[in-house]
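Going in written order, the chains are labelled A, B, C and D, and every chain counts its residues from 1.
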């Protein structure tokens, strides 16, 4: 187990208010806050685009982030929108991975972000923390996957 | 009063009946079977003939005596006479052919009146019981079919006791025979004893006929004893002793608990799904309604045809087939006949006549199938049990529910691509409750159920998407055109029950239309509905229905970047919108409606109204379950193949429910066991 | 032979290099005939016929092969499918031949008269269709009866009305006008009740009167002059030949010849010619001959129903008829004969014919070989079957009327040639097509008997 | 007035009976001719335009020669709504019986003069080659259904032609079942309705000329027939008739054909 470093991170308070705080011990939150930084994005700022190295892992504090897919020859489509509490940029949890989607702040947005490498290292050091990060991540990804499946059937397109 | 009647007396009785203005319908030999058909008199009866029956087998045989009713049962009961297999409901005068699309209606005429009243001769106890079942279907509910009612009321019934039940009879199991009980609905009852009949009078009409025969001998006690005790009771005892029985005890629950029994698969391997059982069954009533509008004919007709739950068409709705497998079709028939029937009509749909066994081309025996399931029930799976609600009791409505009015299109508002709202002006005062639907139609193409998406003064709003031929034709109507309208039908959103509660409305796609009336009501009355939230999902921002109106309910939201981001003080209504995908610039939510539900903390104590495609409803309900919302706090609106809209055609059956009559708005617990189940 | 070359046989010589002053009349797709065919007539510089062909490109259907191995009781259903216009002709020919094998020929007088009634329905339906819908527009200058209806609506409606009565007869007896279901070896699966036939009577009476008037109308149509020499061939019977007859009468080569139906193939031969998917039938010496209404009337006018005989007399048509265009009048006369015969049968039907069919010998005793002929609307239709003991078909031969007339049609085109030289090309081509149409050729029938031999081993 | 919809009638390998059904609509023919422009119908009119655009095309017959295949593709290319009419067009028809001959033997088949004849190895329904908008069944098709088809197409709705068993029509007609009451084998339970239960009305079993209905449980029917004494050879012949090349009937006949 890794002991939290002395001194409170300035981001801990923000982190504690996010829904993900529920799954972590206070000590874990402190550790996470240590590697996190707060970023403010003006509307229309692009956070990353396909091909970029997947360096950062994000949590939305306020505002909105749109994930957009660009299919050549077609207008770009927003496929998901993220708001307070949502996590994104999961690619950063994998080693040497790249982005395959565009993330844009669709209005003035504040995020907490941490480096994927730092987070992976932290998880490696503290398996209890690692387990919670990964099971939380799994829960969110599983829900996203389920939502995606629902969208596959283009359900609103039916009669009714 | 009872009397004795010789063969000659009986012959004179029939002559009298004919002279009294009745058309005689009685058993007569045709194509190698004894069928009910028009007869001229007693000579046309199958005197001296009987029938031998076995599963999938029927043969005539000479008896060697002069018995007039010495046979068991023909292939079809009097259902044929009371609800003809093909019957015109209304005629609609048509306007001129137009450049495009169907002709519009100009007048509605009732179909022709019947001719002479019928005298139904030779009906057995099981057939009287079947008639009572059909009475419940056609005349016992909130709607009355005037055609059936008229024929039934006018028909003279001469019933006959069964003294020699057939091989396939099991009426003692269903308590519908073999003797015709004194209280049954007959004008005269005959008991055939050798060369004469005992006749019992059951009505004034019957009495008058007997009186017309002059002085008749009264039966002795010994004769009465021979008829009732030795005859009927002995027949009943014999039936009791037989192997073929149908144990009705707890049968609805047993069948609905065994929807996944392997026996259904075994059945499906043998069943031809030909529909014969349903069309020989004296209580089946399913039908389809067709538009008959031949080229350039000046009128079109709405015609009903006997249909069957074994046909493809019966459970089809623009492209979707709810019961594609034979297994599901047979299961539908049996669970309805022996199960749901009880909750719908207060009686089993089986009267033990054995016709479905005899006339099944491969001899499937319903009693055997039930026995097999009863002998080895499978433990109910972890799916919710199917609730079998008591029959709905709604006050009767007057008039012919199949007779449409001609309503005028006042205006057409294009909502979305291929979606319009028709403002329609009905004739006379029209009142409805939000959630109900109307049947809108055009005589060249047919009728479709369309929910009422609002009422503005005398104008009824219907929001329609062009998906099938009929809806496409409706969408193409213009102001001033006329269409046929029947309604309002179905259940409504429980607005009264919602008072004082926080209400969450979850809608998807066009599912907002049936909810709009309720939402308008709640928006207008903050004092009754302290908090109203609408979660609405659509495919894209362009496909958000009623966008302007939604905006007016909650000024804090904005749909499109063009809308000014002015945040007004929100009232008691809060609207959240999500889309499946959007072009850049959209600042609203993207994702399915269930994701939106997770994002907006929802209360376990609120009341929920849900409408949208069935698949969305299922996911929404799963989410509500997670939150811990009780089933009695959720109402949802279902869609199926509504055709008659009054619970008579059988097409929109959903387990024990008729969606048109018991729905479309259901409380979750009523249909929880059925949602997402294959074959329903 | 390559595919290219093969096709050439059925193609008109449009691509063929024409010599100077050669003339070609051709129609790529014959209209208002049943089935698909084309013709061409090529005249050389001297105006002599170089080539006259009726090419039938309707796809062959190999019926005789399908029949092999089928139960003889299935034959009436199968042969009906040879032709949608004259299914009854095939059914009746088949049951005659098969009943002769089984020794139940005819099953009973009642069944025979119901068969004649059924056949009358088909004659009416087929002839009326031809007279009003297919042929008459030629004489009045229309492309179709539908176009003709714009100016002659009452006439076209009359045709439809008469045709409907013909169909009604078939429907009462056989269920449906096309491929009726009741005819069977040994009789019918079901015979009509007295009431069912009686219901036809008023319609037949009215139709008969109308049909008599049609004869006069047809005789008044403007008709091209043409006189040709024919050998006439028809089934012979005690009556005007329809559904029954055991001999074939040949007239036109000196003394009348009579041929037993069982010896038909000893006197008539079928050949496969390159330009046609149908077999061509000729007399053994190669002479083309004519079957159909003109042949029947010329041979048996004395056996016409009196009302038809009177109608013929009133029409002024002189016998023997040798102008093929006049066949429209002959058909109209036969329609009267059919209506009058049908009315007699219906009037005399006072007891339902029962049993509807006679029992056939049991399986194991059904072997044999026999022929049967009937007079289809278009002429003699001849069948021969061989069965094994179980009653399965071992061999089947069917000679339909149109393959018999095919060689004769080509000969007619040759006979027409001298008239064409003086006409403009379009008119001459139309005249040729009209000549072919006068035969009411049933091309779909004609093509279905190419033999499919399977070499085994 | 807008141009009338253009109707084309074509035939491939067939007996002409289905297109004759159009001419057999004696009471409605002139009304149809008024409502649609009959552009191509060689059996009825010499005014032919096979190259037009067709709003409704009726095709009779099955594909049995290379030329027919070319023609069919050309017809499809010009047609808005293409309807296959009859057993030949929808199931191959009686001529598809030759498909059951052993193929190797078949290619060595000898005709009277084989070189003159061109045929494809197999006779096929038209849906095997081109998209078909609707299949009107029957050998022959039913007049009433044809009229319904035309009426429906003119107003843009799907024809109200139920894919249900012959038993449904038979029972509605009040006909006594020939199987149950007379022991006659009958294909009615597995056959598409439309004929009005004609054969049972004429005291005989259905022989399947409308082809299989949806969910045709041919196996159950054949097993039952066999139990009642129908031989395997007879079962093969019963399923192998005018709609014998349809998937359901073909599979069933092959199941009994050793």
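Quick notes on this one:
To be clear about the criterion, a contact is a pair of C-beta atoms (placed from the backbone, for glycine too) under 8 Å apart; a residue touches a chain by one contact, two chains touch by 3 or more.
This is a predicted model, so every value here is computed, not measured.
In terms of the stated touch criterion, chain A and chain C have no partners in common. Among the chains in view, D has its Cα centre nearest the centre of the complete protein Cα set.
Chain C has its Cα centroid 54 Å from the Cα centroid of chain B. Distance between chain C and chain D, defined via averaged C-alpha coordinates, is recorded as 25 Å.
Averaged C-alpha coordinates put the centre of chain B at 34 Å from the centre of chain D.
Once the centre of each chain is set as its mean CA position, chain A and chain D turn out to be 61 Å apart. The set of chain D residues that touch two or more partner chains comprises 203.
Across the assembly, chain C contributes no residue that touches 2 or more other chains. If each chain is drawn as a node and touching chains are joined, the picture is a simple open line.
Listed by label, the pairs of touching chains are A-B, B-D, C-D.
Contact residues of chain D toward chain C in the complex are 11-21, 23-24, 26-27, 29-30, 33, 38, 41-48, 50, 61, 64-65, 67-68, 93-95, 97-98, 101-102, 105-106, 108-113, 115-119, 139-140, 142, 195, 198-199, 201-204, 207, 209, 234, 237, 241-242. Taken together, the chain B residues at the contact with chain A in this complex read 317-318, 465, 467, 471, 508-511, 513, 537-539, 543, 578, 580-592, 594-595, 598-599, 611-613, 615-616, 619, 639.
Residues of chain C touching chain D in their complex: 1, 3, 6-7, 9, 29-36, 57-63, 65-66, 70-71, 74, 77-78, 81-85, 87, 129, 133-134, 137, 143-147, 149, 153, 156-157, 160-161, 163-164, 167, 174-179, 181-182, 184, 188-190, 270-274, 276-277, 279, 356, 433, 444, 450-456. Contact residues of chain B toward chain D in the complex are 30-33, 35, 37, 56-60, 75-76, 80, 85-86, 97, 99-103, 269-276, 279-280, 288, 290-291, 293-296, 305-308, 310-313, 324-326, 358-363, 444-446, 468-470, 472-473.
Residues of chain A that touch chain B in their complex: 64, 66-68, 75-81, 83, 85, 104, 106-107, 143, 147, 150-151, 153-160.
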